[in-house]
Each structure stands twice: as C-alpha cells, then as structure tokens.
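In the two complexes below, subunit A is the common chain; its partner is subunit B in one and subunit C in the other.
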Partner chain A sequence: MKGSYLGEFQEIVLLAVLVLDDNAYGVAIQEELGRRIGRNISRGALHSALSRLEAKSFLESEMGGATAERGGRQKRFYFLTNLGKKALVDAEQLRRQFYNSLPGLSLDFSM
Partner chain B sequence: MKNKKQIPAFFSRCFRWFCRKDLYEELQGDLEETFYNNVKTHGLSFARKKYRYEVFKLIRPSVVGRNNPGIYTLNRYGMFRHNLLITYRNFRRFKASFFINLIGLSTGIACALLIFLWVNDELSIDRFHKNGSQLYQVMEHSEEAGYITTSRSTAGPIGAALAEEMPEVVAAATALRMGNSNYTLSVNDRDMKASGLYVSADYFKLFSYELIQGQEDLVLSDKKSMVISEDLAMALFGTTKNVIGEVVEWEHEKQFSVSGVFRNIAANSSVRFDFALSFEGFSDEHEWVTNWYNSSPKTYVLLREGTDIDQFNSKIVDLIRDKTEGKASHRSPFITSYADAYLYNHYENGQQAGGRIEYVWLFSVVALFILLIACINFMNLSTARASRRMREIGVKKVMGANRGTLVLQYLGESTAMALLSLVVALVFVAVFLPQFNLITEKQLSLDFNVILILSLLGMVLFTGLMAGSYPALYLSGFSPNMVLKGKSGNFMGELWARKGLVIIQFTLSVILIVSVWVVYKQVEFVQTKNLGYEKDNIIFFRKEGLLWEKEKFKTFLLELKNIPGVIDASALAHNMTGHYFSTYAVNWAGKDPEDRTSFENITVDYGMMALLGIEMKAGRGFSEAFGADTTKIIFNEAAIEFMGLKDPIGKIVKLYGEEKEIIGIAKDFHFESFHEQVKPLFFRLTPRFTTNVMAKIEAGKEQETVNNLRQFYQTFNPGFPFDYKFLDSEYQALYAAEKRVAILSRYFAVLAVLISCLGLFGLAAFTAERRLKEIGIRKILGSSEIGIFYLLSGDFTKMVLVAILIALPLSYYLTGQWLENFAFHIDLEWWLFVSSGVLALLIAWLTVGIHTFKASRANPVDCLKDE
Partner chain C sequence: MKHDPQNHISPPKWPLQLLKYLLENDYLEEIEGDLAESFEENLKVCSRRRARTLYIREALRFLRPGMIGMTTGIRESNRYNMFKHYLLTTCRNFWRHKSYSFLNLIGLTAGLIAFILIVLYVQYEFSFDQHHQNKDRIYRVIKERSNQYYMGTNLNALTRAPMAPTLMEEYPEVEAATRLYLHLGNGSRENLIGVGNQTYLEKLVFATDPQTFEIFSFKSIAGNPENFLKDKFTAVITRSVAAKYFGDTDPMGKTLKYLNKHPFTIVGIVEDMPENSHFRMEIMLDFESMAVLEKRDISQWSHYFVYTYLLLHEGASPESLTAKFPALLDKYTEDKLDSDGQESRLWLQKFSDIHLHSKVNFEIAINNEARKLYIFLLIGFLILLIACINYVNLSTANALRRAKEIGIRKAAGASRRELVFQFLCESGLLSAMALLFSLAVIAFILPYFSQFVDRNLSLNIRQQPWLLAFLAASCLLVGVFSGLYPAFVLSSFRPVAALKGYRIKGKKSSLRNALVVIQFTISAALIISALVISKQLNYIRDADMGYAKDQIVILKIRDRELGKRLPVFKDELRKLPGILQVASANSMPNNITAGSSPRWPGQQEESELRLYTNFVDYDYTELFELEVVRGRDFSREFGDERKSMLLNESAVKALGWEDPIGRQMLTWADDTATIVGIIKDFHQHSLHLEIAPLQVFFKDTYSNIAIKVSTKNINEIIESVKEKYGEFSDNYPFEYSFFNELFERAYLNDIKTSEMANWFSFLIIIIACLGLYGLSSFIAELHTKEVGIRKVFGASIASILMLLSRDFMLLVLLGFVLAVPIAYHAMSHWLDNFAYHTSIGFSTVIWALLAMLLITIIAVGHRIFKAALNNPVSVLYQE
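What follows is the complex of A and B.
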C-alpha cells in the first residue's frame, strides 16, 4: 500500500483541487490552502506534493488558460482521477473507522 | 506587463537557469501571477521579497536540472543507429571520396603506427634493468686543444675506486671489450667464435641479464670462471642444463670453467655479448688496465636512491687528477643516467647535444605530418562535399537537432572512418613489418598488449577528432534558414580554409622532398667520397693463436701473399673505421706542456700503408730496404699542422719518451666517420704490436679467394675458425643510422606526397564536377580547351606555388641544421631547392591534370542538356 499512501498534506491538496473544481491551478491551489490552513504554503512545497500525486496517478493535469498577468504563460490545471477520488474516500473511511471505535469519552474536551 | 521589470531580475534569471524546461512555463507563470497579486494586495517590496523566497524554496531536486529527462530527451541508441546508417549511406553515395579518405587515412595511420613501434622500441632500449633509475654510466670529458671531447671510455680502476670511496655508490661494474671481440672457444676439439666481454664481479648484480644458472654475486667471483648465454651453451654443449663446471678452452690458450648461464640478451639491450669473463682476471695479466692514465673500459655505478647527481658529479670531477697527482689534468669523469645514455649519446664540447633522440623526434614529427596530411584530405573532401549534405543538416536543425548533436554526428563519422582505416592500416603494417624490420634492423612485432591497443585507440580517436573537427564545426554551423533556401552560407571563408589546408599539405610535402633529397645526397657523398685510402676489396681478421709468434707470422704473411686472388697482405693495430687507440705521449720541440691533444696511433707492419693506398705528401713510407725503421715515425698532414713543424722531415720527436725520426708525411685520410674532422695521427712501425691482418684481394673473385684464405688459415692456424670482415662493409656500418634515415625518409616522403596528391585529386575532381555547367557555357561562348584547362588548374597552381614559397626557406634551415652534424658535408645548392619545387608543382599538375583535361574536353551539350 505504500505507493498509494496518502500523506496528510497530500490529502489536503487533493481536497483543495476537488474544491476548486475547474480552476485548480498552482496559484489558486496555493491561495485556497493558505486561506484554509491559515498560513502560506510555498509554491515549491506545493509543487512537490502535486508532482508526487501526479506520479501516483491521483492527479492528472493539462496546460491552458494563459493570462496577461502571468506574462502570457499557460497555467497547468489539475484534476482528480478516479483513483485519486478513491484514495480520498479510503482515507476518510479509515479515519471514520477509528473514530467510530473510540470509547465515548475520549473526545470530550470539556473535561 | 509594464511592471515586469519589477520582478527581481537576478532571481528570475536564476530560476530560468536552474528550472527544468518542461516545468518552467507553469512555475514561472504561477510565480509571476502570485507576484502581481502580491503587488496589488501587499505592495511591491513585499511581493519582491516573496518572489525571492518562492524561488529559493523551488530549489529542490524535482525542479532543478537542465538536462533532466523530459520531453526533450534524445533516444541515444536510436540516434546512434541513425548516425551509423547515415554514415554508411554517405560512404556508399560518395564512393570516390570514401576510397580517397580510406586509402589516405589508412596509409597515414600505417606510417604512424610503424613509426610508433620503432619509437617505442628505441625508447625501451636499456630500460629493462631492474636497477634502471639508479644505474649510471661513468663517462669522461677530456679537454684537448681547447675542445672538450666526451667519451664512455674510463680509467680501468675508477669503478673499484668509486665503489670504495664514495658512500653514495652501492656497487660499481666495469666492462671491457677488446677490439674485435670474437674469440675462439673450444670444447672437445669443437671450435667456434663467440663475442666476449670482460666484466667485473658485480656486473650481473647491476644489470638484469637474467641468470638461469648461477648466482648473480658469485658467478664471476672466480677469475677462471665464464658466464655464457643460453645460445652459446646450446652451441657448446647441446644443452643448457648442468653445464656449470664444464671447461671451455679460450683461444686455445686458457681454460675457463662455466659458472653461470644467462638468458639470451633481449633485443632492447644496447650491450650484446655471448659470454663474459672476469675483468679482475684480465687486469691481473694486463697491467695497463689498472693504471689511471689509460682509458678503455666502460664503468657503471649503482647509486643509492635519492643521491643528488650534480653534487655527486662535483665530488668526482677531480678524481682522475687526484689519482694521477695532477698529471692527467685534462680528464674529468662524470656520471649520467644509464637508461638515457643510449638516446642521449652525442656530446659537443662537453655539452649534451642530442644523439639518437633526435631521430626519435624526427620520425615522430614525420609520423605526425603524414597523419596530418591524411586528415587534411578528409577535412577538405568533407567540407567540399558539404554542399551535398546541406539539406540534411537544414532538415535536422528544423526538427530540433542542436549543434552539439550535429557535431557529435560528424565526429562520429570521422571516427568511424578512422576506425575503418585502422583496420586497413593494421593489414598494411602486418604486410610491411618484415621489410621495415629489415631496414631498421629491429625486431618489431605487433603484439596486441594493453599498451598497443590503447595506443591504437588513441590514434583512432586522435585521427578521428583531428580529421572531423573542422568539418563538424563547419557543417553544424549552417543556418537552417539559408540552407533550406538553397543558399550556401559563407562560401568565401570555406574556400579560404580549404586553400589554406592544401597549402599546409604541400608545404609539408615539399619540406619532405627537399629533406629526403639532401639526406640522400649526403649519404651518397659519404659513401663515394675518396677517403684518402682504399677501402674496397680489403679483408681483415684478428691475429690469434700461432700468428702471435713473430717468425711464424712473417711466414704467414709471405704465404698469404702467394694465395691466388690475394694481391697484398700486411698487419696493423687499427680498424680504419673510427677511433681505435690514441695517445698524447707525443713530444716535440715547442709543445705546450699543458697540451693533452691525443694523436691517433696506427701501429703498422711493413707494406701496410701501401696496401691501404695511403698517399705520401712528402718523404717516404716504412720500408725494409732502410732497416731499423722502428725508430721512425710518419705523421699525417693534420698532425704536422697541429704541431706547427716547419720542414718536418728528418726532425726528431719523442713518442712514449723514445726518440723517433720523422721520415714522411701522409696525406690526410678519413679514419673516423665524416661527423669528425681529420685528427692528428701518426704511424709507427712495430710489427709485434699489430693486432689485425689485412689482405687486399682481387675484385670479382671475392668468394673464391675467401675460400682459399679459409683453407690456408685452417691449415696454418689449426683450431681457430676463420672469422673475417670486409673493410668497406665495416665502413658502411659507420653510417648505418644515416642510411636508415635516408631509406626511411624516402619511403615516408613518397607516401606523404602520394597522400597529398590523393587529396588534391579528390578536390580537383570535385571542382571539375561543380563547375561543369560553367565550363559548358564558357565553351559555348568560345573558350578554348587550353583556356578551360588554365582556368581549372590555375587555382591549384597558385596554392602549390604558395606552399613552395613557404616550404623552401623552412627546408633550407632544417636541412642545414642536419648537415651541421657532419664535419664534412655537401653544400646546399640552389638547384636542389628549385628542382624540389618544380617536382612538387609537376606532381600537382599531373594529379589535377587528369580531371581538368577530362572536364575541358567535355562536350558542352552533355553538361548543359539536363538541369
């Protein structure tokens, strides 16, 4: 299962790509992550995560949508593959299993 | 876009430099977008800071890498196959150039290879001794009349003295070869001649002549022992096993017992001998060799590692003066590396001045020249044919080939050519090696060991790169735009380069022609010049056995003269082909007491000078008619001039303290090689001191007379095999090196000229072909065949003329330098240079002429009818 293991940051990146839907490209993902996590993610770190996810076939990408503010350069848009979606579902399920088997009080912060 | 300048330029450039090409578009786009967003939201300085930070954070393995595999990767294997295929197709398509290149390059490589083998062999001589780097030869500078001569002969006791007195010396060895060193050895009434050397006890410890029987430090500890070679053991005993202790009779005079057997001496040793006797034993019987005034044996020392040679030399410089209480004041010993002594064997006025190493250099340069000429052919033909391949280059460039790939392709092509040529060259070498060995008197062979294979590969690579460099850079530089439009770039530059290369080729060729001619002339001069004595049809052999008895020898000479075919016979103590024996113990009125000039001493029997045809300038020769001529002396002109004697006949000089009357002056004759001036010399008459018998025989009856002589000799002097030499062949041997150079350089020069012409031939063919239409039009417009011929050959003529102009002064200088080596040499005459130039021009015309003639004869209809 090592090849399809989803790290925490990678899971969040996948979710961000999913949330951004048609507009999931570098800067958008970076901003989305920044807003949600509350701190800036460097483009380099994001690049690493994206390229690893692509290598695991959780993501696919395609070039397009050049704009003037990028110096006329094309963006690379990312999409989740079915494998990527399944990986998200699996991760979610795994977590849920754990939560479900917790004894009642374990998550009571009010103690 | 207008704000673009505000992006940190340096970081932007850095990023562009390190970022992978396939990622750059996306990442740089994102970075810029973020930058402009930040400018809007946080201001410029924040944005710039952020940008720098982002670039910095992008330095990670997945991003960095210019050559990371990506969409721009070449399929290396595929390209290799493709290039090979293109190479093959090009060879097939341009068959003429292919064969010209193949023949040229393979001949060039074959020459270079032969020379490489020879040079390698020369460099290996005397370098096989295990003590090699610490082994030194003792030599002597000797000052005579203001000039320092240098010789390898040393005082007999110097080896032992050095070993004893100098702490730096681990061991010393002395070796002495007496004149003609072929001695008669006998076992059980079987006699044979073998070459012998007297060596001191430590000889086999110093030198690595491997003993297969006997121990290095013990073999010669007994003065009655003898060490023999494997071959000699086989010849004497029929076996090399258990021969220790066997007794061998030497000259039917003494008995020696075999104490060791050494492996046959390898071809790369400059010292050769069949057996060794004890030098200590020799010294016991010959007192002269133990005194410091004489110099005859060779001495070698083994020094401790780390000894400073200059310091050591300054320690021993006065050794002979000290030992002789200052009497032999002119002799200064010094040491020099034994391994280098063979190559650096020439001294001029006490300074090392080259020697054999010069020929090593000479031939290395010739090899390089020939290879260069062959490479130039390749360059010229490839660039000339370039127009045919321009479209290939254009298309490749359009498809995305960069310059490096194309350069590689062409270098690959030339290296493939060189590799093919190597194969052909190896065949050439294998075929011509026996002939080459005959000329060089070597035993070279093609053993494929690691060094040879590496050298061969090196040679291929060198040739490939040299031949391919210019075409590769030139062809790959075409602009695809121009090429595909059908325009052919910088034609003028290319033309100039090609002309320049042809000029280089012909310059080298002309230099070679002149040099070969001069060498040939000089060698011919040396061999045909009147020496002042007659060397032809004279046979000589050593006195041995009964001949040493005074009365017997007289009878012997008398009977010898009566043998049919023998014209005259006498004896002397000299070999007439080089310095043999000399002394400075000549005193005359007015001699500077400090002067140590040696006079060559030729001890003769009656009739010897007449036999050699030495002419008298004044006075008379020795004759029995006058009686008591043993108290007389004859000088040569050089000696009289040196002594400054006026009216010398009848004057008295002292020789070895004895008074001698001058009875004659002999005309100067060359008793040494032409490298040397004629030195002062005297004849004295002392029949019992003569060592060699000379007999003049009738021309044309040599074989018969030699047979008669042998028969007579064997009955007169039983037990001694008749071992003779011809004076003229001994004389020729003096110039073996020059003769070798003469023959070899002739071959190499012819090859160099041939290869140059091959290139010219190819170029002429190409030019004629390219200008076919022009010729057609010219002919239609009324140009004559002569005109066309002139048009086509004019260019080549100019090139060759320029080459001749460059080559003549150069070759004048070079050949002049070489001739300086000879004290007697030919003059460099102008016609020799002019003829060489004309010869080169004629050869070039002939080469070009074939194509030019064909082209000028062509029917214009044929060349113009199809487009």
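What follows is the complex of A and C.
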C-alpha cells in the first residue's frame, strides 16, 4: 500500500495540476494552491511533493516554454498519468466510504 | 513584460550557486526559472529589498532533507559512499596504529581544553559592561594631575560633587549625568545596614542620583524607575538583597537603616546587575540625603569624592566636550579651590573602555588589562599549534605504513583531490573526537578554573549561542590545520613506487625537524618564563621590605564609637597574656595610601612634591621594626607627640633639606609639627612601585590596630582579643587578619600569573613530549635492523643510544637556543612592572635547559633504549 499511498498535500497538488490543465508548471501550481488554501506554500515543499508524485508515476513532466521573465529558463509542465487519475479516484472513494458509514450523520455534499 | 537592461534588477546569485551544488541537475533549470519568475512578480508588488529577501527565503526552502535526498538520491551518490568508506578506513587506521592515534588524540584534547578555557575567560572579560543599551554614549569623567603620580599613574577616577549637575545644566551635549558615591568607612567598603532587628555588613552600598536609572540599563521589578531616588531618604535595592532582607514579604515602602541609624524608604527593586559589570551596586541610596548624613557640602568644588558618569546625546562628540573642560574649571575653581592647588585636567573615558583599557587610581573595582588577555589568547593558540604539529609530524612520519594503501587507491583511479579529501576527513574526525573529549573534561574542571580566575564562567550553549559557532570553528580549524600538510604529502606518492615497496625518500623530514624546533622553542620560552616568574615571587617573599611581617595580627575597627575610646582599648589589650605590643595607625606599612603636598611655615610657593602620609601612635615604629636613622621616634617619654613628626630618607632627599631635624612642617589640621626623626626607607607599597617620600604624623586614635603576639597559642590569644573586643563593641563583628597574609595579597595577581605560567608550560611540555615520544618510537622502529647489524659488528649500546637520540637532542637544543632571546625579551618586559626586581640570570637559563634535556631524555629514552637493547638475533633472523 505504501507505494501508492497519497498524502493529503499530494492529493491537493494532483488536483491543482488537473485544474491548471496544460499550464501546470511550478509557479502556476504554487499560486493556484496559495489562492485556494489561503496561505503561501513554499516552492521547496511543492517541489518535493511534485517529485515524489513523479517518482510514484502519478505525474509526468515535460520541459518547454522559455520566456524572458524567467531569465530564458524553461518551464517544467506536469501532467497526470492514468495511474495518477486512478489514485485520485481511489482516494476520493475511500473518503466517501468513510463519510457514508458515519452513523446518524448525513452530509450534504452538494453544498 | 518589457525588458529593460538598464533598469534590470537581478536577484542575488549565491542562493542559486548553493542549490546548484546541492541539488541534482535535472531539476535545476526549472527551479531557477521558477525562482526568477517569482522574483519578477514580487518586484511588481513590493520593494527590491523585500523581493530579494523573498527570493532567498524561497531558494533556501529547497534545502529540505527530503528534497535533497529525493532529488540527488544522496544514498546512491558516489560521494556518500566514499564518505562512508573513509569513515571506515579512518576507524580501522585508528585502531591499527593505536599508540599514534592516542598520542594525537591526547595532544589535541589537551590543546583544545586549554584553548577553549582561555577563550571562555577572555570572552567573559570582553563582555564586561556590554549589556547597557547606551553603552556607546556613556562616558566617565576622570582627572589627570600633572606631576602627581600616585600608585604609578596620575589619573584619578574621583571627581567633584557639583560636576554632574553643572554639566547637565550648562552643556547641551550632556543628556544626563549621575554621581556614584561609595562610602569608604574606615577605608573599608563594608557598611552596616539594619533591617528590623537584623544587621548586615554590605559591600555594595552606593549613594547616587536618579539619573543613574536613565543612563544605565536597569530592569525594574517593582516601583517606577522614573521616580527612583527622586525623594529624600529613599533607596532602591536589587532583587537578591530584597530576598535576603525581606524574604517573601513585599519590601516596597519598608525601611532599611544605613549604619543601623538612618532610615531610608525602599521605593524600588531592580534586577541584580550582571557580574560582568565593572561596578555592581546592590543598595542605592539617595545621594543628596547621604551627603547631608556624611556632612559633605556638595556645592563645594574643592573635594573629590564621587564618580561622575555622563550620557551624551546621540551624535555629540566627546572630544568637543573635553575641549570645554578647561573653561569649566576656570569658571568654578578660579580661586584655587582645587584642593591642593595642583594643575589638573579632565578627560572623558569611554564607559566600555573602563574594564580593559584603563589604569586609573581609586577605581571602584579592580580592572583587567586587554594586553594580558591578548597574551593569554596567544598562548592558547600556541598550545593548539603544538598539538597540531604533533599530528602533522606523526602522520607524515607514519606515511610509509600507508604507502601501499595509497598506491592501491591511486591504481584504482583515486584522484589526488579525493585522497586529500580522505586525509582531511581523517584529521577532521580526530579533531571532532578530541573536541568531544575536551568538552567532557572541561565540564568537569570548569568550576575549578572559574574559581581560579575568579569569574563565573559557563559552557551553556543555550545562553551563549556563539559558543556553538566557536566550537565548530575550532574543530574545523584544528582538523584542517593539522590535516592539510599530511594530506598533500600522503597523496603525492607515486603509485608505482608505493606499490613496489620502494623506500619513499625521507626528504620531507626537514619540515618535520623545523616543526619540532618550533615546538621546543615555544616550550622552552614558556619554561624559562615560568622560572623567571617564580624567581621574582621568591624575590618578593625574601626581600627585606624594611618592616617586620611575622607574628602580627591586624584588627579592623569599624565602630566609630569604639574609635573614640581607642587608647583605652589598646591599653586593655596590652594586659592580655601573649600580647607583646599593640599599635594603631591610619595605614599599615605595606600599603600607605594617603598623601598630600608638603607644607611648612614660611613656604614661598606650592610644592610640586607629593608626600605619602601616615598617622601612627607611640608603638608603631617599634612594632614594625622600622629603623630610625637620625633623631628619635615617637615616644611616651616626650608626652604628647602631636607636635612632632617623622620623615623617611626619600622625603628628606626630595625636599633637599640638609638638616631636617628641628625644622617645622604643617599637619593636615594646619598645626605646626617639628621633625624629630628620620626613618630608614622601607617599601611602603608593593615592589611594583618605587619607594616614595613619606611623612609620618602622630595620632593615636586611628583605628587600624596591629598586635604583635607571641608564637605560642595564637588561637587562644586571638580568642582572648575577641572577648575583649566584645566588651567594647557589640554592633560590629570581630574582624582580624594576619599581616603576612595581607602582605601577600598585594601580589595576588602575580601569584596567579605564576600559577598560570606553570600550568601552561606544564601542558605545553607534555604535549610537545607526546609528539617527541611518537617520533622517537617511529625512528626506533625504522632503524631496528640497522641497530641489529651494528650490534652484530660490535657497536656499543652507548654509541647506539647516541646515534638514535642525537638528532632529537640537536633539535631540542636548537629550539632552546632560539627560545632564549624571545623569553629574555618578554621577561625583561614583565620584570619592568616591578620597580624592584630580580634579574633573569644565567642560572635560570641553565636550569631551564637541564629541565628540557631531562624531559627530552624521558620522552625519547623509553623507545630508544628498547631499540638499543634488542637482541640482534630477534630482529635479523627474519631475513
């Protein structure tokens, strides 16, 4: 189980990559997370999460899109692999199972 | 975004360099780009500085353990594995050559112990008075009097009472000024303080102005600092005094009685002043009320009895204020109110300079000297240096044994850089180990060392974060310093030669020899110094001071009531058994401090001379066996002697009087007194100072009592004196001391220097000998076969001993020869501190030489004897 375990932060990072679609690179992900969570995520923390996800093959990456404001450096764009998407679905299902089995408590997920 | 090269602001470069070094290349470009982009974004919304800070912070946050481990896979990296391997070989080598390793370890540990202790002490001394927030703006007024050298300097810390308020009022540079007054009742600092029914003797009682709390940083615990000492008869005390007097009850508003008589109301409690302060106050009384009690007219410019501290305004220049002082003196002291008409100048002394950079009379507490501390530091470094040299010598001497290892490593492709790194790892590890051991030892001996230097030192890293950096730095320093040269030597072997087992040429031994010479130069210089210092101490102990020192007990009488009945008390003492003589005086002959200019009837102009002055009774000269060379001394035969006086020979010479007997002079009370006798010069101060002119007046109510006792049953005699004292005074405790102990106390500093020198030279010689021992065993081993062959051919043991030890002896001798001029120079300088001193002397040098040779023989002898006595068969039959 350990190899495919998805930490909470990692799960959010995966979601952010999904949301950003084909513009998911370092700074963009960082900003997206910052905006949604409401506090600043350090680039270092994000980076280790990304590389771990990559090591688990939940993500793939590709270089490209150098611009002047990056000092001519390329960006690394991240994409979810099928394995990554499955991991997200599994995680979501796992949670839902738990919520559903809570006795006497009905949660309205539609908000 | 428009790119404008003119206006381009770039982020700092070093964080990226760091990342480049630590992270794996794959991710670098991306990270670099991301960081640059964020930086540009940030520039739009915040200041350049802020953007840079954010950039650095972001970059550094990449350095997470998981991060580095993840991206570089450090555990798989070559560097990590090699490091692990070096660690292993280091341990193996350590155990294989146990004796060498332990010699190194012990040497480095001892060196580090000495070094760390010295740094702790020196750092503590430099931390004095650093805790005051305004320390850079605080100055003290001191006075210089031309021609008036007293105790070796003409600077004086005491100033006039109206100085502080006048400066505050009239000089815009001065933000605040305060006076400190330390009442020296009977020349002692202890004052009786009464609280309720209890009395306490307190040393740190000061009278001071409210501005004290503005100038110095006090932490107030109770009361409002702005009102401290603003009202008459108020007092502020420290936390520990409050706890001592009042325990758990609230001291605020309670009273304490100065001299157990005058009540002061406590209006404030402050935190204790740190121990590294050049003056510490525990009880602070309102200055003006104290002046009233002491019947001091504080509007008078004529008396010097307070310390004046100033707080200058931000940006005010102390020089320009100093330049205004002559005008101030002219204005207020025009009619020569300057107590004895001496021309004086005022200076400002920087507050933070007081403890280490000043030599001023009437200082509040004993100061230290920066120069002395630098010498300590130097010695600390030298000890460490000697320990490092041991490592260098032993590991280069030992290089042969590792030739094969190095050859194989090189054959397998190790670069020179890798090898250097390996050997630096070895020395680094050893020095880290030595550091741990030395810390363990220091934890154990620090209390003793603290006691020795009379300071409260601690090795608490949480309180002194700088220690961590310092310890790490010294570990690194030792590691690199001792490892660098051996690393280069060892890594320079040519692999083919090393593997084939060719003798690797010993040409490098010239450097080793030079290092041994350096070691023994340092050791010899220290041994000679230690010998000279203890010779001077013996000289002091044996010197004829001109007065008797033994069998004399000194009583200190603080009780002013008893002071008035002193003649009666003395008569009572004389009746006790075992008491031979009783005398009283203002000062004992070992330290006569009072002084004034000589005055006589019909004097034309003020004399520039200064005469030390003593007031004694009938029996003083006889009790201390002071020799009268002309005329007579005070005697009961002549009845009231208040109109008589004595001079010493120096005074007669200084005054230039052909026939002084019968001439008249003026006493301090402006009476005339006739000179009746001349006493022989005696050392009225320590031997640091020249004998100076002295005048002696008669007065039998000064309350320092000297009692000459018989040698038998001293304890019983003192007990009976105590009993008698109890009949006369019940307020003050009985205090006595032995005169010869008081005498030695003047040389406390010198005695400590001597002990220190002994310890240092002991330590240094031990470390140097460890090295010599190691080298000699190496040499003995190297020559085992040679010795065997020589013995077979009939060489005598003596000639072999000679052969093996000759080189060492030569090196040690050379070191010694180099050390003599260095030590001679340094010690002449030290001896110049004493007006009367011994000579360094040829014999001292010879003794030092013999000691060195003996030590060398002991260090070298063991191994060399063993080699010389070996049976040649046992070493030769292998081939």
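By definition in this document, the second predicted complex is superposed on the first by the 104 of 111 C-alpha atoms of A that agree within 3 Å, B and C clash if a C-alpha of one lies under 4 Å from a C-alpha of the other, contacts with A are read in each partner's own complex, and residues count from 1 in each chain.
By our rule, a residue touches a chain if its C-beta (ideal position, glycine included) is under 8 Å from a C-beta of that chain, and two chains touch if they have at least 3 such contacts.
Values in this document were obtained by computation on a predicted structure and should not be read as measured data.
Engineer: Looking at the overlay, does A:26 come into contact with subunit B only (first), subunit C only (second), both, or neither?
Structural biologist: both
Engineer: Just checking: does A:89 make contact with subunit B only, subunit C only, both, or neither of them? Give me first, second, both or neither.
Structural biologist: Neither partner.
Engineer: Figure out whether A:74 sits in contact with subunit B (first) or subunit C (second), or with both, or with neither.
Structural biologist: Both partners.
Engineer: Look at A:63 in the shared chain and tell me whether it touches subunit B only, subunit C only, both, or neither; answer first, second, both or neither.
Structural biologist: Both partners.
Engineer: Could you say whether A:45 touches subunit B, subunit C, both of them, or neither, answering first, second, both or neither?
Structural biologist: In the superposed model, A:45 contacts both subunit B and subunit C.
Engineer: Which subunit A residues contact subunit B in one complex and subunit C in the other?
Structural biologist: 25-27, 30, 42-45, 47-48, 51, 63, 66, 68-71, 73-76
Engineer: Which of the residues in subunit B end up touching subunit A in this complex?
Structural biologist: So the residues of subunit B in touch with subunit A come to 1, 4, 23, 25-34, 36-37, 53-54, 57-60, 62-63.
Engineer: Residue numbers of subunit A touching subunit B in their complex, please.
Structural biologist: Touch residues, subunit A against subunit B: 25-27, 30, 42-45, 47-48, 51, 63, 66-71, 73-76.
Engineer: Please name which positions on subunit A make contact with subunit C in the complex.
Structural biologist: 25-27, 30, 42-45, 47-48, 51-52, 55, 63, 66, 68-71, 73-76
Engineer: Note which residues of subunit C are touching subunit A in the complex, please.
Structural biologist: Listed in rising order, the residues of subunit C that touch subunit A are 1, 3, 27, 29-38, 40-41, 58, 60-64, 66-67, 70-71.
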